[in-house]
Structures are given as C-alpha cells and as structure tokens.
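Alright, structures below, take your time with them.
Across the two complexes that follow, subunit A remains constant while its partner is subunit B and subsequently subunit C.
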Partner chain A sequence: MRLELHKIHITGLDFADETYTSGGTLFINKNEAEALIAEDRRFAKVELDLACPGESKRIIPVKDVIEPRVKIEKKSYFPGFFAPMEKTGSGKTLVLDGAAVVTCGPIVAFQEGFIDMSGPGAQYTPFSQTRNIVLYVEPVENLEKHLYEAALREAGLKLAVYFAKCCADKEWKADEIQVFEKGDTFEETQKYPDLPKVIYVCMNITQGLLHDTYLYANDLRPALPTLLHPNEVLDGAMVSGNCVSACDKNTTWHHLHNPIVQSLYARHGKDINFLGMIPTQESTVLDGKLRAAAMNLSIAQQLGADGAIISEEGYGNPDTDLCLNAKFFENAGIKTVLVSDESAGTDGASQSLADATPELDAFISTGNVNEMIEVPAMDKVIGCKEAISLLSGGAEESLRSDGSMFVELQSVIASTAEIGFNKLGCEWI
Partner chain B sequence: MTYRIVHYINQFYAGIGGEEKADHRPELREGFVGPGMQIEKLFNGEGKVVGTVICGDGYYGEHTEEARAACLEMIKSLKPDILFAGPAFNAGRYGFACGDIAASAGEELNIPTVTAMYPENPGVELYSKKTYIAITSDSARGMSKAVPAMVKIGGKLLKGEKMGPARLEGYIHRGIRKSFFHEKSGADRAVEMLLAKLRKEDFRTEYEMPVFNKIPPAAPVKDLKTATIALISSGGIVPKGNPDHIRVSSAESFGSYDISEIKNMTPDNYESIHGGYDREWANQDPDVVLPLDIMRELEAEGVFAKIHPIFYTTTGTGTAVANAERFGQEIGEELKKAGVDAAILTST
Partner chain C sequence: MTREIERVAGIPVVQIATIVPIMLTVGTNRVVPGVAIPHPTGNPAMGPEGDKAVRRELLLRSFKAMTTPITEQTIFEK
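So, the complex of A and B:
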C-alpha cells in the first residue's frame, strides 16, 4: 500500500476574498467558511479567528484540532464524515502542513483545554507551533450536549476538508512529498525474515458519555479491537470525539500524525518488521477490559509479534487496561513498552498510576498531569477565559484578576500526549 | 561573595579516633578538618569552610536529642549559607547522624544541606526526602568522587540553579516526580526501549512500578436490620454551588454534608462538579451517582436501620493516590467514631 502526502508548507494565514494558498500563506474566505459551518442549524453563532506562533493569544476552551487535508483526486476526506465510506491509506493526499483547525466554544461541562501561542505555556503543546484557524461556535439554546459534541466534531472536520479542497481546486504545488509504503504482513515477513515483528497497540478512550473515539466514523466503544495498516491511521481513519482531560486526549491531528506509527515505520525493514496498529478500547467495566486485552493479544499472536508498543489514552481508570495489556503480552512472551503519563499529584510525591503490575517493566513517561504551571495573561483571548474554572486541571481560583493563570499541566491541550508526540517526561528528583 | 560553609563530620574523619572514641561529644573547630579541605578547594575561592562540627557516631546515635541540639547550636552560631555532612559512605551510624543533622539544619535554619551516602546506607531511607544525598561508593576509597559530587549539588543549591533529574545530578531522589524535556520524543524513546528489550540489552524504565497497599475488606455486616449505613462517593456530588470549593479534578479535599432532612437529590439542591465525566445526567438527577432516593426507600422498608446523616464526597479524577489514601483514612475514622456499620461507595 502506497500513500503519498503532498505537503504545502503553510507559514502564514490571512483572510481574503477567496480560499487558496500562495507563497506559503493560506488565504481564507472568512464569510464563505463561516457560512459553510452555519449551515448546521445547531449553531447559533459561528466565528473564525486566526492564531499564529509567537502571538500573545490564548485559545480556550479547545475541543479538537484537525489538520486540513483532502484526497487530491476525490476531493474528500475522513470516510464516513466528509468522504464516502471507503478504505484510507493509499493514493495522494493534499496536506496543508503547518495549518490546523482548532474547534472552540462554550462547551463547558465537557472537559477541554487551552492553547497559548506564546509565553511559558506554549512549550507544552504542539499547537503553539501551528498556524491555527480557530472555529468558535455557540450552540442554539438547550441543544442537548451529545448532539452538540457531534455538531462541533463534524464542524471541525468539515472546515478542515473545506480548506484543503479549496486549495486543491486552485493552483498549488507541493513543497514536500512524503511517501509511506509497505506491503501486507506476509510479503513483509518474507522480505525481512530475520527482523523482529513489532505491533503497535493504540488504546483509545471508549467510555461513552462524550469519551469516544471513531474509527471509519464508527464509535469504537461498542466495537472490538481490530487491525489497521499503518497507512490507514496516517490517512484519516481515526477521529477524536473526546471531551476528556485536555492533556492526554489524542486529537484528530495526533491520529493523523501518530508519532509511534511514524517512528516504527521509519525503522521498518531496518531494525524491525512493523506489522500494523491495533486500535483498541478502554472499557469502563472489567470484562470489557479483559476482553480488549485478550483480543489485542490474539491479533498480535496471529501475526507472530515479537514485540509491542502500547500507548494509553487518558489516566486513572484506563491504567488498568494498560496493566492488563502489559501482563497479557509479557506472559505470552511478547516484549512490551508502555507509553503513559503520570498523575503524581501537584507536589509530584504521590505514586503515578492508579494500577500497577510487575510485568510492566518498560515504561515511557510523558509527564505529570498534575504539575502546576503559571501562565501570564495574553493580549487576546479567543473563546472564554472563565472556562478554566471548569476544565480538568483548573479551579475557581485558577484565573487571576490580571488574566494570568495558575493551573495544572493537564489543562493544556496535548501537553502529556501519550501517543508520544512531545519530549516531556517525568524523572525522579 | 564568599559562601559560608559549615561541615559536619564524625570522630573518625576528624582524626580523633575509631570505635573507642565513638562517644565523642559535639565539638566545634574553626575552619576545615579532614574532608572539608577538599570541599573548600573545590569551591575555588567562592566558599570558605568557616567551621567544622564534630560528633562521635555512638554519641549521636545514643543521645540523638542532645547531640542534635548541641550541633544545631554550633552550626547556627556560624551563620552558614550551607551545611555539608559526611560523606558517610556505607557507615550506618554515621549515615544516620549526617542525615539527621542535615535534615534538621535544613528545617530549622532554612539553608540548603547536602550529605553523601552509599544507596544502601540506612540513613538514606530515613532522610532522602529531607536533604540532598549525593551517591557514593560503599567505602572511603570513593572519597575523591564523593566530595566533588556533594559540592556540585551544593553549588547548584547555593546559586539557585535549576536542579536536573536525580540520576543525572548524582543524588538519591527524594521520591518526587517532575517533568523535564528529553532530547527525543516519547514515541522515539519507546521504539528505542523496545529495540533494546528485544535485543536483550539493558534499558532503563522511566517509572518503576509502585507497590500498592492492599487494604483487607471489612467483615460482612452481621445484621443488616440494625445497621447504620453511610454513603460515600468520588462522583463529585456536592450541595449546589460547591460551598467548600472541592476541585473539579485532582481533588485535595473532601466534603461532608448533612442529608438527614433530604429524601431525594434534585438539580435544585445538589449537583456534580466532577471534571472527569459527562455530568449531563448526573446534574439532571444526582441520585444516579449518589443513590439517596433508593436508599431512603429501603430505609423505610426496614431493610437496614438507617442512613448515616452525613455523606462524604470528593472528585475522583486525577486525584493523587496519596490524597485518596488520606481521604479514606480520615473518612474511615469519622465513620468509626459515629458507630457506622457499613458504607456504600459509588464511583464514576
């Protein structure tokens, strides 16, 4: 399977009379884009704003982040959402690399986060480095929260596809073409009979109650673990529907960029034989946890895996899923490395996980979600700054009268992403 | 400026004698004695050992209160910027004395303190959270490395420089987790660790598994009909307006509220402030998290004697295990005092 990502490097954003790219700038027809989103009658207000690296801007509360992309020939993306239901992972995809759609609005009573485009908070999130088109919406009165989540999730995807499609319709030239190519597991195993076979188990929050992830537009919660070719992951098969603590939910942007998939891919045919990715569940009930761990192992065994990387999403309850996966795989003789963040308390002195198992002997830390950080006031707040009092990691006293905030790291979007995107990690002091 | 350094050593390193002089009482000498010479040398003119406090290991161990008080008085009189103690290597009593005086001086005089020990020295377990303990080898043969290790840490503390991870700075960690930026992403580190594991090479896990306290469950209730039952929840149900400001996540407190007059929880009197789940339905009917309505029915039917008039609540999301343990102990204590027979705990 061969996937070509045709990337236009976006280094600037501006509003204009039409939507297109030129000289690295993404020009956006604001009225047209807003009208497109306002077609959804569930929104009372729709407004686009821009935020670029280094600016004194805070975006809060942020739900999801999506990279603008479109299949070059079909002019659609995200099967089941803004593309017909079909397999992803092959052909040519246009990527507005460096641009991102950020969905934002008064979604409180869900769990969202914030992005600072400059200052000390900026270093914790990859989205202080992207050129962000912020979609701010307000729902119609009394819109049921779950319908609101669906509306905003879809609006973000729609806008991202729209931007890329507009650019694809006009004149454009890729700055870079990235190719991902790999055969099926049997071909690759014949090619590399001596390399250790490695599988990636990507755990997803699937707890219902607005804690959901979508695979080919299908809610993963009532689904079962399955197997994906890595190209499918990197080409829009997975979408975030999560309203959970901001620091460690995998945004749609993260799924598209899945760093563990990319890192394993880079070693494929050299150090390892990369078998693919198992998107799996984090159930709220013990039988669900046991079932997912057993089936993850079954898939890995059918493929003859020697090793596995397993990443968690969220903290607390899913620590049990993490431990079960480690235990089942290690006891079956498959070597594992687990990637997770830590909840070590604001003073860092508490034990970090809500569960533990001796088989989990290779742990990659992506930081302490409870660590306190201080962020100064920004010149401009996109969204509503008071939302911090209701976000995980925030409290009533977090926002000070001068606009600065004293908050837990977990209120910053993707600050401890367990998919391994960041460089942050805990150490003993 | 020149930092004022005070150094604590035992009778052996002061050249007074070995075991036969272990009962040597606290003594203050001007300037450096023994290993202090190297400390001052390593400060390269930036620091001066203004005095050395000497105490026999036996005396410190057997008359700890007196020894500590006397040594602290001597240290205080020298107005130090920092206290170094040892190195103690694997000497148990010396390690205890170094750890104790360093921890006490840090607390009483509010100055940085540094000692040095072999990781298996019993002083480590007692004092590693209260002072910096540089890692040494098990005997004085490691002196040439131990003193620079202490001085390096001391220098950083004096200058307020950023302290890195314990394993890189060379001290025994104090049981605290802190986030740092690595050179590589988590994904790249994970792949490298897996390759090492597959190749049976050494690798270093970034977090060693904690060992949980296993709490044995209480014995079953003998006679439900006479039992008082308490309700406890980590589902964030609080009186409307959250009067005690319990945090929506990473709670550091719990609330206790009188429900003796309440038959049913409604959106008018109670709400959920939990930051880890969708509160939509809990806010429409808080009984779905704290089942007071059904408990009142069972109480009226006489299934059990009564519901304890106070219920306990907190938010269980991102809550540090250390806090959760404390909540449990405190709530348990109150329930015990009140003669409660059993409790129903609801989570979310």
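So, the complex of A and C:
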C-alpha cells in the first residue's frame, strides 16, 4: 500500500476574497467558510478567528484539532464523515502542513482545554506552533450535549476538508512529498525474516458520555479490537470524539500524525518488522477491559509478534487496561513497552497510576498531569475565558482578575499526549 | 479509606467497585464487583424494575460479604 502526502508548508494565515494558498500563506474566504458551517441548524452562532505562533492569544475551551487535508483526486476526506465509506491509506493526499482547524465554543463537558499561542503555556502544546483557524460556535438553545458534541466534531472535520479542497481546486504546488509504503504482513515477513516483529496497540477512550473515538466513522465503544495498516491511521481512518482530559486526549490531528506509527514505520525493514496498529478499547466494564486485552493479544499472536508498544489514552480507570495489556502480552512471551502519563498529585509524590502489575516493567512517562503551572494574561481570548473554572485541571479560583491563570497542566491541550507528541518526560531519580 | 476505616475503627468494609484489579492493588479486603464505571450500583439499561433487582442483589451480596469471615482479599462474585 502506497500513500503520498503532498504537503504545502503553511507559514501564514490571512482572510481574503477566496480560499487558496500562495507563497506559504493560506488565504481564507471568511464569509464563505462561516456560511458553510452555519448551514448546520444546530448552531446559533459561527465565527472564524486566526491564531498564529507567538501571538498573545489564548483559545479556550478547545475540543479538537484537525489538519486540513483532502484526497487529491476524490476531493474528500475522513470516510463516513466527509468522504464516501472506503478504505484510506493509499493514493495522494493534499496536506496543508502547519495549518490546523481548532474547534472551540461554550463548554460541552468538563474535559476540554486551552491553547496559549505564546508565553510559558505555549511550550506544553504542539498547537502553539501551528497556524490555527479557530472555529468558534454557539449551539442553539437546549441542544442536548451529545448532539452539540457531534455537531462540533463534524463541523471541525468539514471545515478542515473544505479548506484543503478549495486549495486543491486552485493552483498549488507541494513543498514536500512524503511517501509511506509497505506491503501486507505476509510479504513483509518474507522480506525480513530475521527482524523482530513489532505491533503497536493504540488504546482509545471509548466510554460513552462524550468520551468516544471513531474508526471509519464508527463508534469504537461497542466495537472489538481490530488491525489497521499504518497507512490507514496516517490517512484519516481515526477521528477523535472525546472530551477526555485535555492533556492526554488524542486529537484527530494526533491520529493523523501518530508519532509511534511514524517512528515504527521509519524503522521498518531496518531493525524491526512493523506489523501494524491495533486500535483498541478502554471499556467502562471490567469484562470489556478483559475482552479487549485478550483480543489485542490474540491479534498480536496471529501475526507472530515478538514485541508490542502500547499507548494509553486518558488516565484513571484506563490504567487497568494498560496493566491488563502488559500482563497478557508479557505472560504470552511478547515483550511490551508502555507509554502513559502520570497522575502523581501536585507534588508528584502520589502513586502515579491507578493500577499496577509486576509485568509493567518497561514504561515511558509523558509527564505528570497534576503539575501546577502559571500562565500570564493574553491580549486576546478566543472563546470563553471563564470556562477554566469548569475544566479538569482548573478551579473556581484559577482565573485571576488580571487575566492570568494558575492551573494544572492537564488543562492544556495535548500537554501529556500519550502517543508521545509533547516535550515532557520524567527522569528516574 | 476502606483500609483506614477497618484499621482505625475496626468496622468491616465492603467496597462495591467496577474495576476490581484497582481494588486489589490498593488493598481492599472485601470487594463486590460493580456494574460499570458510569453506574456501578445499578443497570439503567435494564429498565426501572431490572435496575432495582440489580441494586437489590448487589446490596444483599454486600451484606453477605460483610458478615463472611475472611483471611485474605476476597472478591464476592454473584
């Protein structure tokens, strides 16, 4: 399977009469884009804003971040959402690399977060480095929360696909073409019979109550673990629909860029044989957790895996899924490395995972979600600055009268992302 | 809290909790498995009467757990 990402490097944003790219700038027809989203009658207000690196801007509360992309020939993306239901991962995709659609609006649930484009808060999130088109919406009165979540999730995807499609329809030239190519597991194993076979298990929040993840537009919660070719992951098969804690939610942008998939891919055929990714569940029922762990192992065994990388999403009860996966895999003779953040209290002295097991003996930490940080006031707040009082990691007293905030790290979007897309770690002392 | 109540006050405690491995990790002595994280002590999907039956069964099982002598961490399954 061969996937080509045709990337236009976006280094600036501006509003204009048309939507297109030129000289690294993404020009946006604001009225047309807003009208497109306002077609959804679930929104009472729709407004676009721009936020670029280094600006004194805060975006709050953020739900999801999406990279603008479109299949070059079919002019669609995200199967089941804004593309026909078909397999992803092959052909040519136009990527507005460096640009991001950020969805924002009055709080859906308590686990959304904020992005600072400058100052000390900016270093904790990758989205202080992207050129952000912020979609701010307000829902119509009495819209039920789950319908509001669905509306906003779809609006973000729609806008991202729309921007890329507009650019694809005009004149453009890729600054870079990135190719991902790999055969099926049988072919690759014949090609590299002596390399250790490594599988990646990507745990996803699948807990209902606005904590969901979508695979080919299908809710993963009532689904079973399955196997994806890495190209499918990197080409729009996975979509975030969850309001889990801001710090460790895998946004749709994260899935498209999944750094664990990309790193394993880069080493495929060199020192490992990368088998693919198992997107799996984190259930709210113990039997569901046991079932997912058992089936993850079953898939890995069918492929003859020697080793597994397992990443968590969220914290708390999913720590049990992490432990069960480690236990099942290790006991079956498959070496595992786990990637997760820690919830170790504001002083870092508490037990950092809710569960523990002796098999969990190779662990990569992506940071302590409870760490306290101070962020100064920004000149402009896009969204609702008061929302911090309701967010996980925020409190009534977090927002001070001068506009600065004293908050837990977990209120910053993607600050401890467990697929590794951040700059934090922990040292053993 | 479960362990402290038992240690300091000497009152036997039964913990109804969904994710049993966590209870075993933290040292709970009497565990009654709950239904699901969003609704540990009932099952709204079964309708009002079914839900009440689930709740009643859990409570009766908890009383039984409370009065059963144990020598190690024990899970009281249905």
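Before moving on, here are some points about what is shown:
The criterion applied here is as follows: the second predicted complex is superposed on the first by the 424 of 429 C-alpha atoms of A that agree within 3 Å, B and C clash if a C-alpha of one lies under 4 Å from a C-alpha of the other, contacts with A are read in each partner's own complex, and residues count from 1 in each chain.
Quick note on the criterion: contacts are C-beta pairs under 8 Å (C-beta built on N, C-alpha and C of every residue); 3 or more make two chains touch, one makes a residue touch a chain.
Here the structure is a predicted model, which is why all the values come from computation and not from measurement.
After superposition onto subunit A, the partners subunit B and subunit C occupy overlapping space and clash.
After overlaying the two complexes on the shared chain, residue contacts for A:Leu209 are found with subunit B and with subunit C alike.
With both complexes placed on chain A, subunit A has more residues touched by B than by the other of subunit B and subunit C. Contacts of A:Ala344 after superposition on the shared chain: subunit B is touched, whereas subunit C is not.
Residue contacts after overlaying the shared chain place A:Ala354 against subunit B and subunit C alike.
In the superposition on chain A, A:Lys289 makes contact with subunit C only, not with subunit B. When the shared chain is aligned, no partner comes close enough to touch A:Pro79: not subunit B, not subunit C.
Once the two complexes are overlaid on the shared chain, A:Thr320 sits against subunit C while remaining clear of subunit B. When the two complexes are superposed on chain A, the residues of subunit A that touch both subunit B and subunit C are 207, 209, 354, 356-357.
Considering their complex, residues 18-22, 25, 33, 35-38 of subunit C touch subunit A. Looking at the complex, you find that subunit B touches subunit A at residues 163-168, 173-191, 193-195, 197-198, 203, 205-212, 245, 247-250, 252, 275-280, 283, 316-323.
Residues 109-111, 123, 144-146, 196, 198, 207, 209-211, 243-245, 259-260, 262-264, 267, 271-272, 306-309, 311, 315-316, 335-337, 339, 342-354, 356-358, 360-371, 389-397, 408-410, 417-429 of subunit A are the ones that touch subunit B when the two sit in their complex.
Every residue of subunit A that touches subunit C in the complex is listed here, in rising order: 207-209, 284-286, 289, 317, 319-320, 323-324, 354-357.
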